[in-house]
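Here come two complexes built around subunit A, the first alongside subunit B, the second alongside subunit C.
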Partner chain A sequence: MSEKKHMGMKAKTRLSNTVIYVILTIMSIVWLFPFFCIVCESFRVESTYQVGYVIPKQWGLDNYINLFTKTDFPIWFRNTFIIALFVAVFQTIIVLCMSYTLSRLRFKMRKGLMNVMLILGMFPGFLSMIVLYKVLNGMGLTGPNSIPGLILVYVGGSGMGYYVSKGYFDTIPRSLDEAARVDGATRLQVLTKVMLPLCKPIVIYTILTAFMGPWGDFMFAKYIAHASSVGMTVAVGLQSMIGTPSSLAANYTMFCAGGVVVAVPITILFMSLQKYYVEGVTGGAVKG
Partner chain B sequence: MSELKGQKIDLSQDLSDLEYLKLTKLQGIVYDVIHFFKAVPAGIGKFFVGIVNLIKNFFGKIAGEFKDIFVTFKEGDFKTRLSFLIMGFGSITRGQILRGILFLVFEIVFIVYMAVAGFYWLGKFRTLGDAGGTMEYDPILDTYVRVAGDDSFKILLYGLLTIIFIISFIYTWRLNVKQNKIAQDILKTGKKLKSGKEDLQSLVDDEFHKTLLALPLTGIAVFTVFPIIFMIFVAFTNYDGAHDGYANLFTWVGMNNFNELFSINTGTDNLSVAFGEILSWTLMWAFFATFTNYFLGMFVAIMINKKGIKLKKMWRGILVLTSAVPQFVSLLYISKMFATNGLLNGMLLDWGIFDNISQYIRFWEEKNLARIMVIIINIWIGIPYLMLIATGILMNIPADLYESAAIDGANTFQQYTKITLPYMLFVTGPYLLTSFIGNINNFNVIFLLTGGGPKNPALLTSAGAAGDTDLLITWLFNITTGAESKYYMASVIGIMIFVVVSTLSLISYNLMPSTRNEEDFS
Partner chain C sequence: MARVKLTNVKKIYDKNVVAVHDFNLDIADKEFVVFVGPSGCGKSTTLRMIAGLEEISDGTVEIDGVVVNDLQPKDRNIAMVFQNYALYPHLSVFENMAFPLRLQKMPQEEIYKRVTEAAEVLGITEYLNRKPRALSGGQRQRVAIGRAMVRDSKVFLMDEPLSNLDAKLRNQMRAEIILLRKKIDTTFVYVTHDQTEAMTLGDRIVIMKDGYIQQVGTPDEVFDMPANLFVAEFIGAPKMNTFSTRLVKENGEYYVEPFGSKIKVTGLKGKELAEKKIETRDIILGVRPEHIVLADKKGEDSIACTIQVNEMMGSELHLHVLTEDGTPIIVRVPTVNLTHEQREQMVNGHKIFITFEGKVMHFFDPETTENLL
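== the complex of A and B ==
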């Protein structure tokens, strides 16, 4: 009797596992399908507009060659890369300063400061762009010269995004700091000698997200670059490439090539640091 | 009224815990609902009492400050008294030279600024300028040249900066007075004052937070706080493309813009209708986008983490891979994939499922279909991230909880509803709120997928057209960048977004089972 029941359980588990495998396989296909398509279409030579099949009839590098020789794509890519580097450095410093202070140090205005920032975060970020654009425009940092302007905009308010890393710092026992303080370390030494070595995952997570931000942002970049092609980032540039029906028909496969060129290095970077990203998300995002 | 074991109970009365537990499920729900609404008036009352107390405290504090300043002057020696006029005098003469010089320099800068520019901008602030630039004939050049007039934008900008400068001067002056009192008291007890060197040293030790926060807070003040203050003021002007503040000045219009948004208009201007429609879709979108991602992401995480499932790393890797690709690439590509002439319709035609192109599914051209599509595609975008978060939390649930539940005969579904879900909801409550707010302002997904479309003629407004999938934030973007450039309307809508978000946050914050204490984790 019990033997039979045991068998039943086993069969049930096997069945449910099979169902899960089927679901996961279908999901994987659905999730990977667009990327498979975009890669295939980027190598298509016979037509530049949208067609009803994925596998090209004629393979070739024409789209990539055109992308680099006939459009401003190299400039967009360089712009984005420069912006991303600066943002990665400065935003990381700012976010870590902010989150470390709010998590580990206790001072009079701490709670008030956090509440003010909570309230500020309820205003849509784009609202401040209108005035920032006018001011940056007056300083000549928009349009073709949008790189320094965009760096300022991305870095300037980044202290507001301290939640994830603060959540991570919160999980580290306070007794560690206190022990170091008792041993005579200043607060600066506590930060550099005790905390930072422990926080490698969140530091890498912060650098990674800061670096990836400019590649994905659209709203600020479009507004600051306006209509100037040499001041665009890849996101704005590639969108402008397929902005109208006629340009879509002429540039669709080239857009696919551009998407692949942007996605490949970012994806490789991301996947190689994936371990830290996962630790940062699971350690910080929820507890933040 | 309802019956409970032969005895009548009134569900609108407060019950003790024991009585509450005896209620049936239905009665329990009725009881909760009644008491939720009963608590509303009290909550509103509390809110107003809170505001009144806040104002009272504020004025009480101000009065206290004045009293303290007066006492300081009365009991102060001549160094202290002279510091009321010459800031930093007391500090310098008492040997705290660094502090004193900083105070003094600040005072000099302030006086010079006010004399050179400050009063000029303040004088113009009330009207935002009287005469715009004109084109006048220049006989020497034989052409019309622009003669610069007032610039409303600059007046508003510098006027606000001057006001902020004045407030910070008052604050610094008060600090200066306080410093004198403290120094005097310390010297009276015979102790020594901190030297400039010690002041600097404390910046990496006891006052370390000041050093660390200096850069981030300056950034936030310049790039977030000031622009927000500025835009709140813009909401009370008629600043737009036609009144650019340079050729045509703009000026204060009071509450007109809010009236414009909320009054029922006839004819082609449906601003209030458009606002209502877009707001309700924004909330609907935020609700579905947040909760579909949340539950499906959790579901996927549970599936992958299930005992006996092999290749866990691979499944996770595939999903994470998709979130590594910059969002705009995948969003733009998918948007084109589902376009009427796009890959999907083309494939269905090629395979013979469609006979001709008139059967194409117009994903982005029908209101409800477009709305459902953006929610579905957002699931595709969001599940990997949610899956990661849920995985982290699920691993934290003690395994023996499940084991003992299994021994007690709970099946998988019961284990899920009794252990997993409550635990997840408890831990991720604040996260749900932030992601709800994030979705209200989710520009990328909507703008890159549909651009707000399909355009809806019923939502045509004086500020520009709006579409059926437009969120408030994309509408705001279109109003700003559109031909009319109605900056003032963008500000008004920005303020309305703030009102919506803050109200929702307040409500959900009060409904959350527990507001977690951050010290719990340390």
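== the complex of A and C ==
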């Protein structure tokens, strides 16, 4: 009797697992197919424009070679990489300091500040675009000089992204801070010697998101670099390659190759830090 | 190695909640002072104000003659042991203990020497390379004490350090703290809610309630001469029995009349009452369970009771009895003095007679609850 019941449970589990796996498989195909298409396009040699099939008839590296020799792609890539590095450093410092402050220090208007930032964060960032452009233009940080301008734009509001890391900091017992302060640590030493080592996942999460931001942003980058090729990031530069119907026809496969190259640094970073990243996203809820 | 002086110290929280009222205390160099009281009495808050972890709303805290109100904890040269140990989970036991020394930029050899010495004293040498999570509660607390020990600080603060340990370990650690204190020989401020810890550890005990100091005194003083009813009931276990009754003065002698009996006040207590010229009046009478004795039979000075619960503690019996009007009383009876016959009678539902030792009664004012003597 009990064995029969047991078997029933087992069969049920197997069935539900099968259903889950089928659904997950379908979902991953839907998600991965576009990437697969882009990779295939980037190796297509027989045509520079869209064709009605996925697998190339002739494989080759022409698109990649052209991308690096006949366009400003290396400049765009360098620009984006520089921006991403700076943003990763500054944004991480600002976000972590902000989170520590809001999590540990008590001051007047702390709640008010958090609420204001929450509400401000609900407005789309591009609402401020025109003003930002005017300011940066006045400082001469647009067009060819857009790299420092963009770094300012990305780093400027980064303190508002404190939620996730503050939530994580909140899970670390306050008595650890207090013990460290009694032991002779300054607030900064408490942060660097006690909190950050304990919050490694969230630090890595913060660095990753900060580094990734500039690779994907199009709107601000386009607005601030406008037509100056040397001030473009990869997103803007690649778009400019296929901006008109004729250039689309001529550069489409090269555009796809650009997309693949852009994905490389982010993919490498993700793969190497994936373990911590997942911990960081879920770690805030229950202390690991 | 420092005198700690608190003058009119107050702690007021945002919404005008007063946690500590006008706290005045002068702690001598190398003294061991225990703050004791029920939860919410302000004892931890006071300790944290000494440590610099809470802002001082009013008054001054001096360490070694220097007002430290505006000094950061790190500049006060204090060491603190927390209830939940507060060990750094990412550091080994050695590094945990070395942490304050590294912040002082002490040379490596000196750090090694101090940490290994402290570890030796605390018996945790073999765990120096472990992480705190691989230790038991008692071992963790030893590490926490070790971290405070290595520093040569002026004041040693302990915030309920034994509360997270089980009863047996707590007794053991309590004895170790007494030994440790002899070795370190510095000023200690110790917070606990456990009156046993307070009595066994403290040179002086500060008993607090609702943010007010109730009494400051040596363990003997607070036990023998409680300042008020609260202290009387808080110190001593099981707690003191208290009854509303009358104190009667007759021909220069004093009597109490609980539950229709008439018991003479003898010894020092009788003399003190006479010296203070106390007349016949209503009082709250306090008698400790160990000062209640069994009477052979019904007499003028005995009270008839029925045993409700009897707890065999080994060397003594704790009898929870009810008087005829239903008032509960606790009586401690040393088993060594009981005859076999008497022992047989100490069962639930059995009727016994009790009386009080006249020389160890306490008299409190029913309105102010202050001790009359």
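Things to note:
As a working rule, the second predicted complex is superposed on the first by the 265 of 288 C-alpha atoms of A that agree within 3 Å, B and C clash if a C-alpha of one lies under 4 Å from a C-alpha of the other, contacts with A are read in each partner's own complex, and residues count from 1 in each chain.
As a working rule, contacts are C-beta pairs under 8 Å (C-beta built on N, C-alpha and C of every residue); 3 or more make two chains touch, one makes a residue touch a chain.
The model shown is predicted, which means the values in this text are computed figures rather than measured ones.
Shared-chain residue A:Pro173: touches subunit B and subunit C both.
Contacts of A:Thr186 after superposition on the shared chain: both subunit B and subunit C are touched. Touch criterion not met for A:Ile65: it reaches neither subunit B nor subunit C.
Look at A:Val194: by the touch rule set out above, it reaches subunit C but stays clear of subunit B.
Within the superposed three-chain model, A:Met9 lies out of touch with both subunit B and subunit C [touch as defined at top]. In the superposition on chain A, A:Ile55 contacts neither subunit B nor subunit C. Once both structures are placed on chain A, subunit A residues 173, 186 are touched by subunit B and, in the other complex, by subunit C.
Against subunit A, the residues of subunit B that register as touching in their complex are 153, 157, 204-206, 208-209, 212-213, 215-217, 219-220, 222-228, 230-231, 234, 300, 303-304, 306, 308-309, 315, 317-322, 324-330, 332-334, 336-337, 339, 341-343, 345-350, 380, 384-385, 388-389, 391-393, 427-428, 430-431, 434, 437, 441, 443-444, 447-448, 472-473, 476-477, 480-481, 487, 490-491, 494, 497-498, 501-502, 505, 518, 521-522.
Every residue of subunit A that touches subunit C in the complex is listed here, in rising order: 173, 175-176, 178-186, 189, 193-194, 197-198.
Every residue of subunit A that touches subunit B in the complex is listed here, in rising order: 13, 17, 20-21, 23-24, 27-28, 30-32, 34-35, 37-38, 41, 50-54, 93-95, 97-98, 100-101, 105, 107, 110, 113, 117, 119-132, 134-135, 152-153, 155-160, 162-163, 167, 170-174, 186-188, 191, 212, 215-216, 218-219, 223, 234-235, 238-239, 242, 248, 252, 255-256, 259, 262-263, 266-267, 270-271, 274, 277-278, 281-283, 285-288. Interface residues of subunit C, counted against subunit A in their complex, comprise 51-53, 72-74, 78-80, 82-84, 86-90, 99-100, 103-104, 147, 151, 157.
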